[in-house]
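Here chain A shows up in two complexes: once beside chain B, once beside chain C.
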Partner chain A sequence: MKLELGKILIDDVKFGDKIEVNDGVLTVNKDKLIEEVSEDSRIESLDIELAKPGDSVRIIPVKDVIEPRVKVDGPGDIFPGVLGGEEIVGLGRTHALKGVGVVTTGEIVGFQEGIIDMSGPGADYTPFSSLNNIVVTCEVDNDLAQSEYEEVSRMVGFKAAKYIGEAAKELEPDEVEIFEHKPFPEAIAEYPNLLKVGYVYMLQTQGLLHDTYVYGVDAKQILPTLISPTEVMDGAIVSGNCVSACDKNTTYVHLNNPIIKDLYEHHGEEYNFMGVIITNENVTLADKERSSNYVVKLAEQLGLDAVIISQEGFGNPDADLIMNCAKLEDKGIKTVLTTDEYAGRDGLSQSLADATPKADAVVTAGNANQTVTLPSMEKVIGHQKFADVIAGGFDGSLNEDGTITVEIQAIIGATNELGFGNLTAREY
Partner chain B sequence: MDYIVVTNNPLVQKSIDLSVEYCSTLDEVMFMTRDFIHLGYELITHPLSGSVKPVQCPYKSIVLKKDQNNIKRKMLDYQAVKIIESAIKKVEQFKKNHIFREYPKSVLIDYQTIDFTLLKSGLDSI
Partner chain C sequence: MALRIVHYINQFFGQIGGEEKAHISPQIEDGPIGPGNGINAGLGDSGEIVKTIICGDDYFNENAEDAKAEIKEVLEEVEPDLVLAGPAFNAGRYGMACGGVAELACDELDIPVISAMYPENPGYEMYRNYAYMIETSNSAAGMREAIPNMVKLIKSYVKKDGKLGRPQEEGYMPRGLRKNMFTEKRGSTRAVEMLIKKINGEVFETEYPMPNFDRVAPVDPIEDLANTKVALVTSGGIVPDGNPDRVESSSASKYGEYKITEMGETAHGGYDPVYANQDPNRVLPVDVLKDLESEGVIGELHEIYYSTVGNGTAVASSKVFAQEIAETLINDGVQAVILTST
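This part shows the complex of A and B:
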């Protein structure tokens, strides 16, 4: 499967009469966009605002961030099984509007979280502050169940991203990257002397506000399976998450998975990147055992020598992470884990809720309990009142002067476990 | 059915058609689950939620299974002991950082709903 990913670089976004891209400026007709995404009768009101890098704007509570993309050539459509049909994606050509994010916000649950500050110290903690964000605030009837509100908001985001992405269809990209995923016999034969490396991609799948969809299928119901990295770039995996802002994978992160990107970067030189195994993080221990056993089976069938395992979320997924690690290591398959930590505000507590001595190569994306004080912003898109009840917030988080003191777990992407964040460790 | 649900979630208590051990606090849920495991019950669902943090979310529901053979033979599942002890440690850790507050009723209902749906997702697969 070969995918050409054309990147159209966008420096600025503004409202105008029609949707178009000129000299790196994306213009969006606000009324038309609202019309395009408002067809669901459960929507009571919907508004669209812009938030640009450096603006004194706080977006809270963020549900999802999505990059606008469009299929230019090849089968299927972006977000297959969700908006597109059931065609397999990941080949042909896709265009992406780089530098743009569609951000969805709405009061789905009263403790919902997720802050994007577009300037100030908070902006340093979220990768999404550097995007020109098109923020969709979607409200529904108060009586609508939380699960329905989540679905409405999720679909509004995908529709908006797809509609905006269409503007890139006829454009000449600023850059084109080519990614290829060959049939396994061919891939093995190509680099017979290199170690065969795979990627175990764990998806949050425990229930309402904790779900991920693969080709539209609720991933808690799948057995682990193989997916081409190029399918992921075409939106085969989308987020239905609303919790754990710092370490949930937004749809934007799935589309731009940095582990996949880095594995491609040294493919054919340092190792042979064989492919991706997606697996879930379910509630029952039996499901965890079954899925981790199946991950090991697939890794052995592929003849992998080593894997990177990325986690999503915190708590019971720690058990999945450790099961995957221990069982793969038992089979002689080396593992590197990527996760984040809840080590207490002093950083002294046990980082994960599970552990094994076999996890001897672990990359951390940061300590989510670290606190930060965010200054007040001139404009808040969404509902600032959530600051007191969001994860990482506490009584009095929202101070009288509009500042917020929170743990960084309240900030979208602050400790993203795929490494899609800004935190790093330096030795002095 | 040999399943029991240990919970402090009132929504679960009134909505689940299973044997329910109702607790008044999150701590009690954790310690009662640990005690059941030591009695030979099988731990069915993980005692920590997916991403909603313990303590911040005041509710937790955990499913166990009464296995007569294990109970008679006093078989102890060491893996389950490790999981519940680690979860108890995490709850203790999150308590240190938590300042007690009265949540608005609507927020409590949302937390109850999330805990209930996570429980249901577990029950659906057994």
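This part shows the complex of A and C:
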């Protein structure tokens, strides 16, 4: 499977009469966009606003961030099984509007999640502060079941990103990257002397607001399986979760999975990058045992020598991470783990809920319990009142002057466990 | 600026005597004594030991509260910039005393502490959070290395205005303190580089060494359940309607004490709250236990339950909650507890 990923670099976004890209400026017709994404009768109100890097703007609570992409050539559509049909993606050509994020917000369900500050100290902790964000605020009738609200909001985000992505279809990309995933016999024959390396991609599947979808299938229901890195780039994996926003993978991060990107960097030189095993993080012990056993089976079937395992979330999924690690190491398959830490606000507690001495190679995205004070912003998109109850917030988080003191856990993407950011922690 | 330093040592290094003097209460002397002389000489303009506290190891360990109160008084009066304790080498009681002094100075008085001991001294494991501890050999024969190492760390502390670097770079033993920082390379790049080193058999440094976990051995089964008073305790976040104590949805800093008739909803942010909110008995099974009580299977269900949120909550906080809850339960005559988690 070969995918050409064309990147159109966008450095500004504005509203105008029609949707178009000129000299790196994306223009969006606000009314048309609202019309495109509002057809669900469950939507009560929907608004679109812009938030740009450096703006005195806070977006809270953020549900998802999505990069606009479009299929230019090859089968299927972006977000297959969700918006597109059931074709397998990851072939041909795809264009991406780089520097743009579609952000969804609204009163959503349960505890509301995720902060993006476009400037100030909070901006350093979220990768999405550097994007030109098109923010969709979607509200529904209060009587609607919470799970339906979540679904409405999720779909609105995908529709908006897909609609905006279409603007890139006819454009000449600023850069084109080519990624190829060959049939296994060819892949092995190509670099017979290199060690075979894989990627175990753990997907959050703990329930409402903790779900991930693969070709539209709730990943709770899957057995671990193989996926081509190029399918991931075409939106085969999308986010349905936002609770404890710091270490949940937004759809943007799935599309731009940095481990896949960095594994390709040394493919054919340091190792033979064979592919990706996706697995889930279900809540029952039986599920954890079965999924980790199945991961090991797939890794052995591929003849892998080593893997990177990325976690999503913390606490309960620490058990999945450690099971995957220990069982693979027992089979002689070397592991590197990427995770984050919950070491307490003082940094003195043990950081994970489970451990094994076999996990001797761990990359950490930092201690999510560290607190930060975010200054007040001139404009708030969404509902700032949720600062006290989001995961990472506490009673008194929202101060009278509009400043917010929270754990960085509340900042979306702050401790992303795919290693999307540069935050880490060390022992002192 | 030269630091004003108070030095804590035991009766032996304080040149008062050996085991026969281990019972002495804290004595205060001006200036350095024993190992303090070498340290003081090495410090030059960086600092000066203004007082030395000498205390018997038995006295400190057997009368910890009195000893700490006396030492606290001295520290409050002298107001030093830094407290030194030891070196204690592998002397367990001395190490524990140095650690106890470190906890007092660091935690209660906000005075930084530098100490030195053998890594297997129980004082290190127990009190490593409270002091920068230099590694020493296991006996006083290592004094010749310990003193210059302590001097070097103190000088670095002065030079860096208290902002010491990482353990390896400064020469102190790890304190178990996790600190965030931004790195040049993103996490995924570091992971791939670590993978390459690991598959090539090269040396690599994990960013998070695995912790040692407390393993709690299960107690013996209850023999006479029909005469046992049972309580419910949960980390599933069941609280009265409106979450009156504002127990956090993640990283809880507190727990609540409620009547079992007051269950309303969950405060937990780490699982789908819909079903717990529909019926909190799903997380805190009061209904079933009431049945068992009326059937005579259990003696009595305690009318109070305790609840916190386990989601992302620090182990240290959980330990404090559990100690307090256990004490109250024992005082209320509770003999068994069912812990429910989510």
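Rule of thumb we're sticking to: the second predicted complex is superposed on the first by the 421 of 428 C-alpha atoms of A that agree within 3 Å, B and C clash if a C-alpha of one lies under 4 Å from a C-alpha of the other, contacts with A are read in each partner's own complex, and residues count from 1 in each chain.
Everything below uses one rule, namely that a residue touches a chain if its C-beta (ideal position, glycine included) is under 8 Å from a C-beta of that chain, and two chains touch if they have at least 3 such contacts.
Small disclaimer: the values here were computed from a predicted structure and weren't measured.
Once chain A is used to superpose the two complexes, chain B occupies space that clashes with chain C. Judged by the touch definition given at the top, the superposed model places A:Q350 against both chain B and chain C.
Of the two partner chains placed around the shared chain by superposition, chain B is the only one that A:P317 touches, whereas chain C remains out of contact. By the touch criterion defined above, A:K220 reaches chain B but does not reach chain C. Shared-chain residue A:E265: touches chain C; no touch with chain B. When the shared chain is aligned, chain B and chain C each come close enough to touch A:N369. Annotation for chain A, partner touching more residues between chain B and chain C: C. Contacts of A:A286 after superposition: chain B is touched, whereas chain C is not reached.
Of the two partner chains placed by the overlay, chain B and chain C both lie in contact with A:G207. Using the contact criterion defined above for the overlaid structures, shared-chain residue A:R426 touches chain C, although it does not reach chain B. Of the two partner chains, chain B is the only one touched by A:K248; chain C is not.
Listed for chain C are the stretches 40-48, 202-210, 292-300 or 310-318, of which 310-318 clashes with chain B, judged after superposition on chain A.
With the contact threshold set out at the top, residues 110-111, 146-147, 206-210, 243-244, 283, 314-316, 342, 344-345, 349-350, 369, 388-389, 391, 394-395, 407, 409 of chain A are in contact with chain B in one structure and with chain C in the other. Residue ranges on chain B touching chain A, taken from their complex, read 43-54, 56-57, 63, 80, 82-83, 86-87, 89-90, 93-94, 96-101, 103-104, 106-107, 109-111, 113-114, 117-122, 125-126. Considering their complex, residues 110-111, 124, 146-147, 195, 197, 206-210, 243-244, 258-259, 261-263, 265-266, 270-271, 283, 305-306, 308, 310, 314-316, 334, 336, 338-339, 341-352, 355-357, 359-370, 388-395, 407-409, 416-428 of chain A touch chain C. Chain A makes touch with chain B in their complex at residues 109-111, 146-147, 204, 206-210, 220, 241, 243-244, 247-248, 281-288, 313-319, 342, 344-345, 349-350, 353-354, 369, 388-389, 391, 394-396, 407, 409.
Put simply, chain C touches chain A in their complex at residues 129, 164, 166-167, 174-192, 194-196, 198-200, 204, 206-213, 246, 248-251, 253, 269-274, 310-317.
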